[in-house]
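Chain naming follows the written order as A, B, C and D, and within any one chain the residues start at number 1.
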Amino acid sequence: MIIVLKPEATETDAKEILNQIESVNLKPLYMPGTERIVLGALGDERVLHNLNIAAHPMVENVKPILSTYKQVSREMQSHDTQVNFGRNTIGGGTFTVIAGPCAVESKEQMFKSAEIVKKYGAVGIRGGAFKPRTSPYSFQGLEEEGLKILKETSAEYGLPCVTEIIDAGHVEMMESYVDAFQIGARNMQNFKLLKAVGQSQKPTILKRGMSATIEELLLAAEYIYNEGNKNVIICERGIRTYEKATRNTLDLNAVAYIKTKSHLPVIVDPSHGTGIRELVAPMAKAAVACGADGVIVEVHYNPQIALSDGQQSLDENHFAKLMSELNPFVQAAGKVLV
Amino acid sequence: MIIVLKPEATETDAKEILNQIESVNLKPLYMPGTERIVLGALGDERVLHNLNIAAHPMVENVKPILSTYKQVSREMQSHDTQVNFGRNTIGGGTFTVIAGPCAVESKEQMFKSAEIVKKYGAVGIRGGAFKPRTSPYSFQGLEEEGLKILKETSAEYGLPCVTEIIDAGHVEMMESYVDAFQIGARNMQNFKLLKAVGQSQKPTILKRGMSATIEELLLAAEYIYNEGNKNVIICERGIRTYEKATRNTLDLNAVAYIKTKSHLPVIVDPSHGTGIRELVAPMAKAAVACGADGVIVEVHYNPQIALSDGQQSLDENHFAKLMSELNPFVQAAGKVLV
Amino acid sequence: MIIVLKPEATETDAKEILNQIESVNLKPLYMPGTERIVLGALGDERVLHNLNIAAHPMVENVKPILSTYKQVSREMQSHDTQVNFGRNTIGGGTFTVIAGPCAVESKEQMFKSAEIVKKYGAVGIRGGAFKPRTSPYSFQGLEEEGLKILKETSAEYGLPCVTEIIDAGHVEMMESYVDAFQIGARNMQNFKLLKAVGQSQKPTILKRGMSATIEELLLAAEYIYNEGNKNVIICERGIRTYEKATRNTLDLNAVAYIKTKSHLPVIVDPSHGTGIRELVAPMAKAAVACGADGVIVEVHYNPQIALSDGQQSLDENHFAKLMSELNPFVQAAGKVLV
Amino acid sequence: MIIVLKPEATETDAKEILNQIESVNLKPLYMPGTERIVLGALGDERVLHNLNIAAHPMVENVKPILSTYKQVSREMQSHDTQVNFGRNTIGGGTFTVIAGPCAVESKEQMFKSAEIVKKYGAVGIRGGAFKPRTSPYSFQGLEEEGLKILKETSAEYGLPCVTEIIDAGHVEMMESYVDAFQIGARNMQNFKLLKAVGQSQKPTILKRGMSATIEELLLAAEYIYNEGNKNVIICERGIRTYEKATRNTLDLNAVAYIKTKSHLPVIVDPSHGTGIRELVAPMAKAAVACGADGVIVEVHYNPQIALSDGQQSLDENHFAKLMSELNPFVQAAGKVLV
């Protein structure tokens, strides 16, 4: 950590802070310059978190040197993590397609949608039972009834299933229904939920918050990892920017960047990332090309009657086209579509 | 709601959608233009939420006409809501200052800080017991022990207290300790929490999510209101933008704007909104000037040893100066500092 | 255009505005609702630009229905525009790689870099002679001397060249040196420059402003097009967002979206779009996959001694690797690398 | 400057970079840590701009310690700069109101508007003759004819005038017409224009680019200053964020922050900063409260017929109200309305 002092700071101020640094067994550095005194603290910066050096009245600013996440970083583990999802594996040479409706609406809807999902080669089914919705007047999901339908669908079509978990108190109840949890964008920093999921061993897809930095995203993964659950899959799903032509701005830079910094698998959600049906296929292909390990896309047997997100859901024709177009890109990437 | 069809849409497509609009008892409008067919649906647009017209393959886009929040809007209630907080009232002609440390750390720390808070005229005390922190390695709060200290401090100094609630399961437990709940920025769309707090009658300070739109903020308030809790106070605390010189970008436009659209009281958090001690006072004064009903600021008897957010906390001197400078602006605004 | 009136607006207000709409030969629509009066104006909305209906005191807001760009839109021309660049063509089935240093520094530097560019199959050379730099203390470019070197390099290696134009007064002087102009991000809304370039017939790469919306970008293209220059190539180069791990956020959504809305070719600049050498290749591949017609990348024979943007420049090894990895993706996209 | 090396960097890499640092007479620092080697360069960091150390293949990232602007900083000059504008002075204890229409449309319009501007106590008149407009189909300004009208208005009402300059070639022509230049948001990084204006001695209002950081804004001011023109006034006019309820997000944090970092006067444009007539007055008052030296607001004798920006223009009643409400806040700030 580099600590820049204010122009008016004295040597005494500097010493006071250097003593604090030494008190936590970091190596202190004193760098008096022509315009400012600069200090350094070398070692594991995490111990400085609780020292709050930035609060010192003579500190102008503080610049961390090392990333604050550790266990999920490539420096800790250089090889790619692979996470089991049903009989398949996410990460490490495969490209995984998970598909299904935004929300579980009925058994009929799930079965019909799963048939399409299966037919064109996806290996997992998605569907929300607890739906976080911006307006209290929107459909809020079928809750546990939805989980039952999801499980039944999963069994019928041999597709492992994933669904969103929105409350720390639901972990135990949901474990018996699903093959993987999803933490939604709005809950990426619901730390109580992260810890609860961390105490489970369920594979967990962690979606990036809509204005989360990459570092915050990896720290959220670190919360889960730190509790003992190493089956974490990162999901880029678009960030909020000034651009409103698309629902979100899909940040594929983040995929390529995270692959260099973390050993965790990374998948992409081009449905929420664009919000426009016609853009799902091009962005799924771009996800392959920039190094993602999979995609999760919204597919509904009849998007027009979907209770949520119909405008970004693919129907059978769109999904068939996506899967056939995707394959050459997966091959170009030297991966296998599983 | 205005529905713009794609250029290739036919009259038959239009009729199909017009029938949907009629089916929920809205007034349908057919507007064939030279380049596009445009449709309208007049009436309470909330019933359209679940129709998902945007999903129709011939719909290019959908533009809502009316705001989706209702109960918290000025159209529903034109006069200002006043919320009780201890013996005081927030909203409607007064200007309220709530102050205190970021986190409850110890009884000594709270008592010493409360003394300062009280001495210079603030009317409420704040302090976090459950701390949502970006890194799992940072101090996470004293939890229920912190609530006990907060309550004791509140009683000793006659200052009603507010603290953050982070889990729906905590409502009952926390009700006995505090005078008001705070929903933090990271939980603004934790809808389970919003509903749980809505079923309580505790005054609730709802902080804007760090990338929440004003409409989403008011819809989050509507979630609480809709469950029966009308004691909602909106809090602007800065939004996330590309500018990094300050911790957040305090959006005072939002304060002035919300005052025209909603009857709820609005307060400002210049501590998180700037992240820089020296900017707290100027932005607190600006909050008064643009129409806010109060501020909530971080004050610590010794910011250098604070366990969190010390760099934005005021010490006794800074807080004394803030309060004396604030008063002329409160008077200029025709309000009373309570 | 849809015009939503304020709740207090009367029928008389509505009539006044409807008359304005009729006065410019648009079709007026009157839609009295239960909560608001809504008006419509159907036809070519561009004539409403100068009416300024939003200024009416009883107007709450105004929602355009049609895009404001016309000549560059797919509705005006459904087939892809192809722009000549040297003996090659950008757009319509080919994938073009333009490469070279950020700035022209010397003849030696340009020749050595061009050799690499040529050797691995790029078909055009780039290099800035006029450099817009954030700080007045940074290297500002060789100006006309740089253009001479660029032209000499272009001739020696048979690579058509492109360089940035920063002033309307330079058009005539620069036309004799280069094969294509580039309008930089900072000048995307330098309308005087856009018009001047529009009066030339030089192919022009128009870079997206760092916070320009897609609509503003297409309107900037429309400025050039409207003056008679139809050889416009759109360039996505990353937008400014809150995320700082990468220099910019490359918005590949925009590429896929613009391809559906406009007939102009679209290329991508993954060097500025990421700012990190290691991310250039994955994002170039993603550009192919999402439908781009080419990329423009920074290549320097020795990035360590580059006078600008060295951290995102590729050396010979990196560039060789990029080109060999790119080809399978170009084939997967059904395009030809030229 | 702090230079963090990659984990794989060796001592030899470090020495190579330390030599570069010494070669420009900065003090090099070697800080080998447990996880990384960190280097420092102490002294005037501007000389490092052209060394491009970030391009070294073993450099992970580079963190500047000092701000890159110098001449406009408080460290160079601790007292407030005052800029003459007509017979008045902007900065240093006064609060200046400049008002007038967005665009000069006609002599009648300017005279009628100036009468209002004068009547309620503003001390300067504004009006655009060259209008940068997003669409080529919008009104582009009266150009030199507009300047003549502006000058005539200025003389008739004894109000010094300011107008936007959009091209470096216009400086000489415009100097005879106006009392101050304005550099618009879209041209904040039109460096050719900044330099040209810097060679004049005209007071210049420099508007913040719509996604410019504060540092970039001060560096743009430094461009002007560095050429010899010290009469620079910074103008905060709102930044582009994800929030669309208001036209821009007025960043008053930036005002308070710049006042601590720079000696230049800072004014605020609440008209563009909000885009909504009803928010102009509250945000003008907030500008006073956070330390601004003045405001520039759009006033039109009849906003309904304004050719641009009518929705944010004040009419006589609104402006009268603004001025009477503003005064108590100016007094609370210990300033004088001139």
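As a convention for this text, contacts are C-beta pairs under 8 Å (C-beta built on N, C-alpha and C of every residue); 3 or more make two chains touch, one makes a residue touch a chain.
Nothing here was measured: the structure is a model prediction, and the numbers come from that model.
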{"item": "Pair with more cross-chain C-beta pairs in contact, given A-D and C-D", "value": "C-D"}
{"item": "Chain separated most widely from subunit B, comparing mean CA positions", "value": "C"}
{"item": "Cα-centroid distance, subunit A relative to subunit C, in whole angstrom", "value": "31"}
{"item": "Between subunit C and subunit D, centroid-to-centroid distance (C-alpha), Å", "value": "26"}
{"item": "Centre distance in Å when subunit A and subunit D are each reduced to the mean of their C-alpha atoms", "value": "39"}
{"item": "Residue list for subunit B, restricted to those that touch at least two other chains", "value": "211, 240-242, 244"}
{"item": "Contact footprint of subunit D on subunit A as seen in their complex", "value": "2, 4, 7, 27, 29, 31, 33-36, 38, 40, 42-44, 63, 65-66, 75, 211, 240-242, 244"}
{"item": "Subunit C residues within the subunit D interface of the complex", "value": "46, 49-50, 52, 54-57, 59, 68-69, 132-140, 166-169, 186-187, 189-192, 210-211, 216, 219, 222-223, 226, 240, 277, 303-311, 313"}
{"item": "Contact footprint of subunit C on subunit A as seen in their complex", "value": "211, 213-215, 238-239, 241-246, 249-257, 259-260, 273-274, 276, 278-279, 282-283, 285-291, 328-329, 331-333"}
